[in-house]
Each structure stands twice: as C-alpha cells, then as structure tokens.
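Right after this note come the structures.
In the two assemblies presented below, subunit A is common to both, partnered first by subunit B and then by subunit C.
Our next item is the complex of A and B:
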C-alpha cells in the first residue's frame, strides 16, 4: 500500500489517490493502472532521450556544413590576397603576374557610350528554332510573368535578350541612390526575401505563396541572388525584369556574392559560361558592372534597415549614402583610383598599372596589422605577408587569442588567418573622405555577422567584415533613429532567426541549402505597424514527407561525407599530428588524442568525440584507434591516377577549389581551355602559394593524363573530373544543386492543401 | 578513466556553451545529459538541476555540472532502457494485443499518464513514429530502428 501511495503522489492523479485511500478490493485494478503508468513513464523517458539525441545530431551536422562553408570563403579571400600580393611584389614583366593581372585590371571603359556599344545586342540574331521567350522593350508585366513561366518550364532566355535586359537594368540602377528609402503607406505590406543563391524553386515557391511583385505588393530582395544553386542567371533575369516593370515596388540590395571574384569560385561564372557559350563572357563582364551599381541598403519607414551582411562599430549611413558605390566592383578590392592626369589614357595601360601597383604595395604594407598567430599550417602567403608587415601591433597575438576564446565553438570555426582589411590611411584619396574608410563601410555591410557578446571583432572565419555585438546594434539603432535591422548572409535552420534582443533579424530564403531537409527558407512581411510577420517553406515536396528523423539522417550522412573528404585531403598533416601522440610508432592513438590531433589540423571547431563513431568505423580496441587503418577507410582514388604521386594527389584534392579558381582566372577568354604553358604556370603559382615542391616532371604527368589529344590545350572541367576532384553529388564547393525538387514538382503541388 | 569521463562531459557541455564562458542555459541541461547516453526521468532532471543551478539565474556553470555529471556517469545512474523492457511497456499499453497502437490510443497515454507530454511533443511523436500509409504505430519495428547506441 505504501508503494501505491507513493505512486499516487508521484502521479498526482486524483483518482489514484482516492482509490488509494479507499479500498482494497480495487487493488487489482490499481495494479493494472500502476503498470500502465510505469509503461507510460518508460516510453516517455525513452522518447525524450531520442528527441534530444536527434537534436544534438542536427546541431552538429549543421555546424559541419557551416564550418566548411565559411572556411571555404576564408580560403577564397586568402587566395585573393595572395594573388594581390603577387601583383604587388612580382616584377611587371614576370609570367606569373601577367597570368593574373587581368583580374586586377581596372574594369572601366571611361565613357558610357563605349559601354552601350559593348552591350551591343543588336547584331545578335535569334534563330527560328529558338523556343524560349521573346522580349520587346520597354518590358511589360505580361512579358515578365511569361519569363517566370518559361523558366519554370526550363526554358533559357536567348543571349540577345539577356544583353538587352542588362542594358536596361544598368540604366535603371544608375539612377538609384545607395540607400533606397521606402514606406508602407496606403497599408501596403512589404515583402522581404533573403539569400536565394540560384535556387529558382524557392523563388517560384515564394511567388506562389505570396504572389508576384506588383503595385500592391512591393518586394525587397536582400542580396546573394547568385552562386551555388544552378539557376542564378534565371533568378537575376526575373529580378531585373520586375525591377524594370515596377521600379517603385521592387528593391534589390547587393550581397557579398554579387561580386565577380567570389563568382569565380562559387559557380556563377561557370553557370553563365556553360549556358551561354558564345556570349557568356560579355554577359559576365556586364554583370560585373551591374553588380557594382546595385544599391547597398533599403530603409523602410525610416525605422527598419534592410541590408545583406550587417554592421560594425564604425558603420555610418551618411557615409554609405554618399560614397560612389560603383567604385567597388568587388568588395574584396581596394577602391579604384582614376588618374585624370593623362587625358584619354585608359587605366588599362601597363604604365598606369605600375603606378597603381606601387600605391597598392604601400597600402598593403600599412594595412597589415595582424600576423597569423597559430603555427600549425605555415603556408607561404601568410609568412611572407608577415615579413612585410612593419606595423605589427605588439600584442596582436594575444589579442587574436583572446578574441578566439570569446567566440563560441559554434561560431568561430577556424582559427588561422591574417587580417588584411583594416581602415588604413591611403596615400592617395580621391574624395574628401578617406577611400579606405569607405571601403571598410562597404565591406562591413556586405560581410559582417552578429555575435552574442558585446563588442566588434574582425570576422576571421569568413575573412571579411566584422562580428558585431548587441551593444553595437543598440548604439547604431539609436544613432540613426531606427528600430530593427533585417539582414541575411547566414543560413538558418528555420529560415530566420532573431538576435540582439529581437533588434536584428536574419532572413534566409534558400531552403535545403546544405542538403535536402537541412533547413527551411523564410520571407518576412512588414505592414505599417512594422511588426515582422514570418512565413516559412521548404522547396521540395519530398522533404515534407520525411520524418524529422529521416531528414536529420540524410543531412547528417551528407555532412559526414563532406567531412570525410576534408579529412582525407589533410591526410599528411593528420599523420604528423597523430605521430606526435604516438612516439613509439604503434600506429595507435587514444580516442581523446585522436580528437585533439584532428582539431589541431582541421581547425573546424567540431565536436570530434561525438562524431568519432560516425567517422571511424574500424574497431576500437581498448579505447585506441588504428589511424592507418582509418585512412584506408577514407581513401579516395582517381580513375587512372596510379602514376601520380600520392601526396600530389592529396594536394590536388585539398585545394581543388583554389586550383579551379586559379584555372578560371588564367583562362582569360573564358573558353574553358588553357594552354599547356599556362597550365604549367598555374602549377608554379600554386606551388608558390602552398610552398610546395611540385616538379616539372609531376606537372607533365598531370598534363599528359588530360591532354589526350595532344593539341596543347587542357579542358579545365575534364581535368577536375579526371582526378575525381569534382564530386557531382557534393554541392558545397561546386555550386551544383543536388536536391530533387524541380519546377515540375511545383506544378504537382498545386493541388496540395499543405502549402 | 575518470579524466576520460571528464573530457566527454566537457565536450558535450561546450557544444551548448554559446558565449564561451563555461555556462549553459538551464533549459539545455536535459539535452546535454541525454546526449551523454543517460535516460533520466523528468523528475530526475528537476532534481539534478536544483542541485547544480546557480541560484535561479537560469544558468548552470561547468564547475558544478562536471562533478555532478561525472558521478552520474560513473555510477551508471540513469541507464538506458533495454529494448525488451521497452517492448513490454508498449505491450502493456496495447491492451488488445493488436501488435500496433492507434495514434489516439498512444496520445491518450502520453498526454494523460506519467510525465505528461505537451501537445507539441505528442504531435511530433506521432509524426515520427506513425506508419505513413496506415497511420498506426507498429512499435516492434520502431524499436529496432530507433534505439540509438548510447556509447559515445
């Protein structure tokens, strides 16, 4: 009876208590009830544990993708800085410099008339058999809606119309201010969308759920329209068309991916060249210009600021409002300088370039403030830039370390990098304002991320912009009399996330970004009350049918696969690290040591112990891992690459994105082919960058493997594929979509009451 | 052995320490404990929290968490529920011995007996466990699919 009484108390059930106090004959009934109770408790306990474990897996899966994504961005910026360094420090006539100088060459043809001629679409004939949409200008609403429909049906717009559209868009964008100011008057609700990243399905889904832009339905698109997804150009065409048709109701903010340097790595350049074989190069060049003319931010009702990345402690809307935004073709470059001295002389000339280079050298030296602090991977570019840094702050190392400690594991990701972008004094200013201050304003706006702690620190994970804290938000909002910042730039599981006391809203509109089921997308509606109303969605109908468990499982498998590839690519460094814990050369390390060693090489800040059972499938004996056996598990082999040195293969694999980016830079006419000679030069470049010895013989072996028809030129794509450097299923580095949701799935959804 | 346990606990704790100041939100404690392979009941959790929470600040510091959690792990205090016991539990609820449970049946038990589920938890459970076509919970199949190896 005591036991029953105890259960009754525990259960807090009146009936039980009553029975308890009442009577003995009911004992049998009671017994059954108690057993039921116990059964229920067991099941509840078991299930709650299961849910918590699933949640933990989801979080670290997310973290894997994010770390790798951000370290990719960081690698890109490092590469870019390295190339800049080459530009500054190699003699003008050197081969290496010539190979890459064109990406630094000023993109300006001075007069607008020349640009209009360059847009020349009139000579392009549209063939009879073309079945895509035809455009006539000025564009009408019907044509724009027709474009959306055509893209839904997988049509491609002819390059003639693309060029014409770009010309009109450029003319329109030039008239816009840096900061658009709009209002919700007349009870209009404004719809704001975040990153789309070439995922047409998501844009179509938003239009389906919310309606297309029109007079009663204004939209703000908050940057990152391109890269990664496979339909970036189609998204641009749709957005630009709506901009032309509803100029007072469609607003576009620039994102950090509206930048040709970034596009080289993340897939947009390749997409355009593939879809538009003849005129792709021209389209890309024009887009460079158009991107630089995209406005930087939008303010709604003077109270809500919408911009892509974020702010820093020095962000000032008045500076942003008056700078010449088109000077920043790429936010990763210092601002262009116009030399007006030699009349009619275009900046393209070699002589001016040298002057420029000399100035840049001066700039670069001054701007280097923080040397790389952590020694594990001493790569050339860091060490040499460090050599040049004569303004190193005394406690830079300590400062970096303390900043690292402040950033949480889930935020920081990588540790190493040098900070190259600081507001610094330039030796020649054009405007009265310091151009480097302006540059920092633009960079911060496009690249920054919020953090939970107070303060403002450089965003070393991405390599550009800042991490800013709630105190900065508070000061900024007060200073400009605003109440909310809406930004994008970071993928969020639910498509959106509030932070800084609900004063900052992150909005991300590309669902399934990392993989099918990884995240939802969201858009926000703001009425005159300026209270954000959020709508979430997920593009593929298949994801809705997956249970939580299944979609976490899928995404997790993907993440782990990507992670395994990364680990494989760092095999040599890992072996070195393991050996430090294995002085007697037994080939075994403890689980703890394994985790420590892996983190010391990978710098991804991941919970390795938790991941261990997924990453190491070979048996663990007495808590020790056989690391050689582990590597053979991870091994990735190319098809006919046996004659190629293993360590070279590993290098290739690890730096494949960088390698491809360099190839594309070297491929000046964007043909997809480079000559054998340039191929050799590329390797020289890469070997300098990585401080690795790559013999001429090794390079010839590589070339031979690819140039099978011996015609002296190498197909970049073929090369990358031959060495299994492109995994068709891995979308992370290559910008190819892997999920199955297609436009035709969307038509199936029309009868779906769940939307 | 003990230091290994400490490292495990620290790793799990750090995953939720968003401000990198060795504290976690008290609401995450359950998840952390579960992720270490333990199966406490709600009451167990409440008791644990009461023991380690910093004076109702809503935060728990690693200094208090570590020893308390180590004790739990070393004593195997909240062991996993063996699959056969779980099966028996489901069979107890399946009074008609059908081999499956109907959603309403399960929902009644979960939301009215024991450590009650919220409606949200219940909806999620049904989505996760119910067979899509027949809308029934075939508990035998589920158990083998879902029992996760608690070894970290």
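Our next item is the complex of A and C:
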C-alpha cells in the first residue's frame, strides 16, 4: 500500500525526493521501484530493437533469394532465345543445329492411333514384388485416397499406371474450355490453392486442414505444380486423379512451369527421368501434351478471376476463351503451323523432313529471331519476348488458318459462352486473329507480375509477360465486369498478399519455399459472398521447433551462402569493376566503391552496404577493402579442379544451370550420357552464347575430369556433381529442397528394379 | 519471504500507467517540440549511404520513392543500431495523432535529423543497468528471477509489451521451475 503511494508520486520528482530525504527506509524501496522501472523500459526498448533488426535481416534475406530466383528465370529465357537464334542462323547440316533442333521440332507423331501406340502402357508389366498402389480404371475415390496415402508413405506409382492415368487425364482435359466457369451455388465454398512446386508436404497439409476435394468441397489449383520440389510427379498424379474422379469439382489452371522448356532447367524433367528410368521419356512426352491442354483460367460466379500469373493492358478474356490453347506446348514460343483434317477437328500434322524444309522460311519468320547480333548484357535483357511479337507479320496463310481454326472450334462442340460464339462468328475482328497476339495473351497470363505504379511495362526481370499497375486492374475488372483477380506466381512471406486496392490477391501455397522457415503457405476459401477467407500454414515439423530468431538466422545463412557463390562466380567481372575504382592498382577500394562496383556487375539491387559485414570478413583498414583478399576468402575449390583454367571454372560455376539445361537438351534419348563429341559441341555453343574463348584443350581438360572409364561418353550428373560448389544442394539451382531428406528417398527408389 | 512477495507484486498492478510511463524521463514533458532544423548531422557520407539502404528496405512505396510510414520510423532507427523508446520516436515525429501513424509518410531527408537526434541521446543501457534492474526481483539473492514476475513487469510497466512479445523474448530462458538466470539472460539479449 505504501509503495502504491510512492509510485503515484514518481512523476513529481521534487516531492519525491523531499519525502525521500525525510524518510530513509522508504527511500530504499523507492530506489528499487525506480530501478525496476528503468530496467523494464530498458528491456522493452532493447526488445523492440531486436525485433526491428530481425525484420531487417528477414527482408534482405528475402530480397536475396528472390532476386537470384528471378535472374535465373531470366537466364532461362535468354538461353531459349539464344537457341532460337542459332536455329535460324546455322545452316541445316551443321552439327550444332542438329544438336538442339529437336527442341523446336514439332511433335513427331500426330494421328491419334500413332499417339496411342506410342503411349501404350498395356505391354508394361507390373511385377509381383511391386509394393506400390495398383490402379483400375475408371478411377474411384477410394483409389485416389489410396494414392494420397501411398505417397505419404513414400511409395512410387508404377509407370504403367502413370501412363494410363495420364492418358485418361489427357482425354478429360481436351474436353475442357480454356476458361472454366464455376459457381458457389448450393452454398459451396471453393478452395483455391497457389503454387505447389513439387512440395508434397504442403499439399498433404492442405488436405489435412481442409479436407480432400469432393462434391461438397470444390478446389481450384492455380498452376506451378511442378519444378523445384522433389515430388512434382506425385503432386500431378494426385491432382489428375482427383480431376478424373470429381470432374466438376476440381479445376486446374496452367502455370508458367507447366512447360517442358522450363522443366528442363528447374528439375521436373530430371525428377521424372530419375524416378522412371525406363519409361520416363514417354511420360514426359505425354505430359507435354497434357500441359498444353491445361485450362488457362477459372472464373468464379462471373466475378472472381483465377489465373496463374496475371494480366496486361491488352488481356482480353474473349480472345483467351477462343484460342487453341494446346498450340502452346511451351508458352515461350509462338504457335506452330497447323493443318486441318477434313473432319474439322484440329490435329497435329505430321511433318516429315520435306515439309519441314519447305516451311523453313515461314518457321524462321515466326521463331524468336534476333534482329541483330548479340549486344551487351543490357540488350540481352531488353530482348524480351514482346519484341518478337511486334516484329512478326502475319501472312495470308495465317489468316486462312485462323479462320479455319475458329470454324473447327465451332464444329467440335467445345463449350463456350455466348460471348465467344458471337465473337467467332464475326469475321471482322482483325487483331485477335493474329496468332501472335494470341501468343502474347497466353504469355502475359502465365508470366506477369503486379506492380504498385500505374501502367504496363515488359517484365524484364523474368524475361516474359508484363508488370501491370492498379489502373490496368481497374480497367480490366470493369471491362469484364469482375471484382477480384486471384493469382499466384510470386512467393510471399505470409503465403498471400493483397495489392491494387485489394483487387488483386497473390496466393502462394509452397511454404518454406526458399528455405526452412522462409515463408508460410496459404490457401483461400471463397463462399457465395465472395469474400476471401485465408488460411496460412507452414509445413515441416522442424519449423515449429525453431524460434523466430533461429529460423531467420538459418534462412539468412543459406541466402548469404548462395550469394557468396554468385559473387565468386562473377570474380573476373568484379575484378574489372574494382580496377576501375583502383587506378593506382593498390588492391584497395573504399566501401562505397565496393558497393557500387558489385551492383554494377551483379544487377541484383541488393543493400550491399548492409550486407558488407556479412560478406567481407577480412578487416577493413581506413574504410578500404582489400578485394584480392576478399576473393581468396570467397574462394571455393572443387575436388579435382586444379588443372582447370580459372576463368573456365568461373564460367562453370556461374552458368551451371544453363550448362545443365543444354546438356539435357543435347541428350536426346534422355540416357543421362552424352558423347565426348557432343560435349565439345555444347561447349562451343556455350562459348558463343557467353562470348568467351574456350579452347579445345580446355574442353578436353574438362572431359578428362569426368570420363573416368574412358569410354568416350560423359555422365551428365557426374559432371555437374564435380563442379558443385556446396555440400548441400542449392534449392535454386537443383530444384530440390535442402532439408527434406532428398538423397535417401531417391536411393530407396533407385533400388527398385520394377519402375 | 513468502508474505513479502505478494505485497510487492500487488503494487505494479494497481498503479495507473500514465504517471509511471513518464517517470524515467520526467524532463520529457518540459522540453520544447522537436525541431529538425537545429540538428547538426555528423554522420559520414558512407554512413548516410548505409542508412539509405536500410530505409529502402522498409520503403512502403517500393519503386524507390524512398518513403516510410510514421509507424515504421522507430523500426528503421532500431535497424540502424539506435535504441529509442517509443516515446522518443513519437517526439521526433512531432507527436503525431494515432490515426496518422500508418498513413503519413516520411522521406529520407526528413528522417535523417530524427535519426541524428536519437543517436545523440545518452541513455543507451549497459550490461550493469540491466543486471541491476533485474536484481530487484531476485528475492533469494541467488542470481535468478521468476519468469512469471518478469513477464508481469514487462507487460504492465514502462512501454508495455504484449504477452506474445514477452513469450518470444523469454523463449528458452526459463528452467523447469520457471526461473531465469538473469546474468545469462542479459548476455543473451545483448548478443542480439
């Protein structure tokens, strides 16, 4: 009670001390009270600083991962553009052209019967000792649930059933329109999920929290089911199974990763070939067709649009609704030429070598041709896919074909809304007939990102699609009488993020995407009121046990590791940049110059000064950094790499993903091996792409490192392994998660001879 | 010991927060409003560049408008190694209304003098200050305090924290009896 009184007096110091002077024992108590208060405030203040610092670290860690991820995507597209350039500019007989031509070639087999023969699963035997699930068709709910359980228990589905399932899926998807239209009638809540990226744990978690898809529980999956995570094929199998069992309650939208070109780089191709050694190639081929037949978007109650990437200033749902979506096997290249059969159904036409030769001129025009030779890095960046669509001119043949195409849509009885029918009947619509306008529609839909400012600019960070602003959203929603766009495509810390005045919702369902603890995943439930209700989660029991500080620290460490690798891989360019600031060749640069130089080489837009103390551990004297010492600090040595030329080594590190992608393209029979000769050709290709001199001798040195059995062929995996920088495989590079026990899972499967 | 404890515990609860908050710095109420023009910036150019980076990290407007909201200013200062109380932050912001905190923005030029002023402030808090403060709660004089008591103080006194924040702070610090070795605790929080 007494203390109460004194606490109340504390704000008035004079009175306080007067009383203190009068009453000594009370003074002691008062002193204690004051100290306590001071300590409390101190601790609280300190705590707030700690929170702010942790938040800062989290933010720049995020920034690091994201900028490296996007620059990887950009590199992929550049590579693709480069290959297109080669296709157009090398003579037909040259080896280089043959090497990569098959990636641009039309699907070889065309008539349905031939396809069926190629994909026939019937002669694939399932041996007695196979312990995975068995499927019978038509698929039942029990079997589907059984599949989920089996995958939870790390089983693998036999290739026979995979092919059978995929064939059924293909048949089903062909019946679907480009834009699915669904409703929340009967008080159904629709669940919408974003990117999953092969992370089975997250899908299982969603099913656990929300229940599996069924009649009362419709789902929309918004693309990017594959790549990066280790269970992409399992996720596809589950989603396709549910699609078959509940065709009016499960909706799949295509994402930019449902694309075989992208899969080459980001791990899905590799995953399938590893898990299905005998039949992987066929599975991948069938998936190519399936991906092209995935619907492009879903509209809920005519008010909410769900699509993977986003929109642009020219996005038009009526164009999207009536184009032939399966023409876009890869969204990264323009549609192929089509021939119509008399039945009016559009089918692929077989192109043997003669036709190919005759069409070469046309092909050249519509492929991704560079108008001039390679510029510097800047013009590479500017060479976005938008440029090409402008350059391409339609011709009379295109006009005729597009009219025939519209006709065939009409005849084939595809479900289309009234709007579509009226649009296609009129022959006056000009721009929409241009196949490359249509291509841009698809590209923008799959690759675009929202931005805070008004307007619409090409998305040069990713290399495809646009950045679109709030004004574009507003116009688009008004034009189509919609109220909300739900999209995915970008990883978000909380699993979701609203923007554009809450008219655009980004939804991301792969938690721990960059690293354990990096982000949560989320899904949305939409009832008849169309108010988004968001549920967040984070997979992996490891996360719960880490405190916030530990998980931020861990993610931060791995981001910095990746960043150091990138810096090391750019050593030559960095040294050049430093020398510009160090005219007297002292080997020292100021911190400011260091930051400027690094950004000028890396183009990542990161807070380099803030990161400096983490990246440069050597002492700084008088504010100057010894950059040679810094490089020796960063220097990471591989096991057998001493005999290899330093700059070649650096190229290897920097362009690992590109190199691997090219190798896989070259490996036409997907055996995992390429010949020494092809290996040499590949390096020559790369040297042109990188504008670097790579001598034959240097290439031989590289080959020797790997070809241990001297049989004249190189094991791609072994080669890439030899030049791996880190012990833990970087998620961004290899498309595998860092902590989910990958290696042991795969060995389990590799031992199974029956798959 | 036992009868004494409840008595000591009681008084923090009953005290009204208003007078208590101002008591560590009674001079605050009498000082004139913060005037950015009289602040002399003695940060180096390099330091200022680094501050800009942190500022950018919190930039709400993205696309480099280089502005943060009022409510973020405190965090940005803390991210840059300063340790102001919320009261100090509000003061340099010119005592804004609560509804302005999220909507009003501050650009870097306006922010810099605020940061400089806060950097000049003397009371940064040392290891001894912390330990002294916590020692008050050490009833048995054995180097430990009751986690529950510490929680209570942090939630009710000074610039109060929420229960969730205190949980985060004390995560992993309490032993099975709910006691905290406060010297170790202080070392832990200062290692930041």
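We take it that the second predicted complex is superposed on the first by the 607 of 755 C-alpha atoms of A that agree within 3 Å, B and C clash if a C-alpha of one lies under 4 Å from a C-alpha of the other, contacts with A are read in each partner's own complex, and residues count from 1 in each chain.
The criterion applied here is as follows: a contact is a pair of C-beta atoms (placed from the backbone, for glycine too) under 8 Å apart; a residue touches a chain by one contact, two chains touch by 3 or more.
Because the structure is a prediction, the values reported are computed rather than measured.
Trainee: After the match on subunit A, would you call subunit B and subunit C a fit or a clash?
Mentor: In the superposition, subunit B runs into subunit C.
Trainee: Once chain A of both complexes is superposed, is A:137 in touch with subunit B (first), subunit C (second), both, or neither?
Mentor: After superposition on chain A, A:137 lies in contact with neither partner.
Trainee: Would you check which partner chain A:38 touches, where first means subunit B only, second means subunit C only, and both and neither mean what they say?
Mentor: both
Trainee: Is A:613 touching anything from subunit B or subunit C once the two structures are fitted on A? First, second, both or neither.
Mentor: It touches subunit B, and subunit C stays clear.
Trainee: Tell me the contact category for A:533 with respect to subunit B and subunit C: first, second, both or neither.
Mentor: After superposition on chain A, A:533 lies in contact with neither partner.
Trainee: Does subunit B (first) or subunit C (second) touch A:498, or do both, or does neither?
Mentor: The answer is neither, since A:498 touches no partner chain.
Trainee: Which of the two partners, first being subunit B and second being subunit C, lies in contact with A:592: first, second, both, or neither?
Mentor: Touch partners of A:592: subunit B and subunit C.
Trainee: Could you name the one stretch of subunit C listed in 5-13, 23-31 or 113-121 that collides with subunit B in the superposition?
Mentor: Stretch 113-121 of subunit C has C-alpha atoms clashing with subunit B.
Trainee: Same subunit A residues contacting subunit B and subunit C, which ones?
Mentor: Residues common to the subunit A contacts of subunit C and of subunit B are 10-11, 35-53, 55-56, 59-60, 452-453, 547-548, 591-592, 595, 607, 609-610, 623, listed in rising order.
Trainee: Looking at the complex, which residues from subunit C come into contact with subunit A?
Mentor: 7-8, 11-12, 14-16, 19-20, 22-24, 26, 45-46, 49-50, 53-54, 56-58, 61-63, 74-79, 82-86, 125, 129-130, 132-134, 136-137, 153-154, 157-161, 165, 168-169, 171-172, 189-190, 192
Trainee: Residue numbers of subunit B touching subunit A in their complex, please.
Mentor: Those residues of subunit B that touch subunit A are 4, 7-8, 11-12, 14-15, 17-20, 30-31, 34-35, 38-43, 80-81, 85-86, 88-90, 92-93, 109-110, 113-115, 117, 121, 124-125, 127-128, 132, 146, 148-149, 151-152.
Trainee: Can you check the complex and tell me which residues of subunit A touch subunit C?
Mentor: On the subunit A side, the touching residues are 1, 3-4, 7-8, 10-11, 13, 32, 34-53, 55-56, 59-60, 63, 451-453, 547-548, 590-592, 595, 607-610, 623.
Trainee: Provide the residue numbers of subunit A that touch subunit B in the complex, in ascending order.
Mentor: Residues 10-11, 35-53, 55-56, 59-60, 405-411, 452-453, 545, 547-549, 591-592, 595, 607, 609-610, 613, 623.
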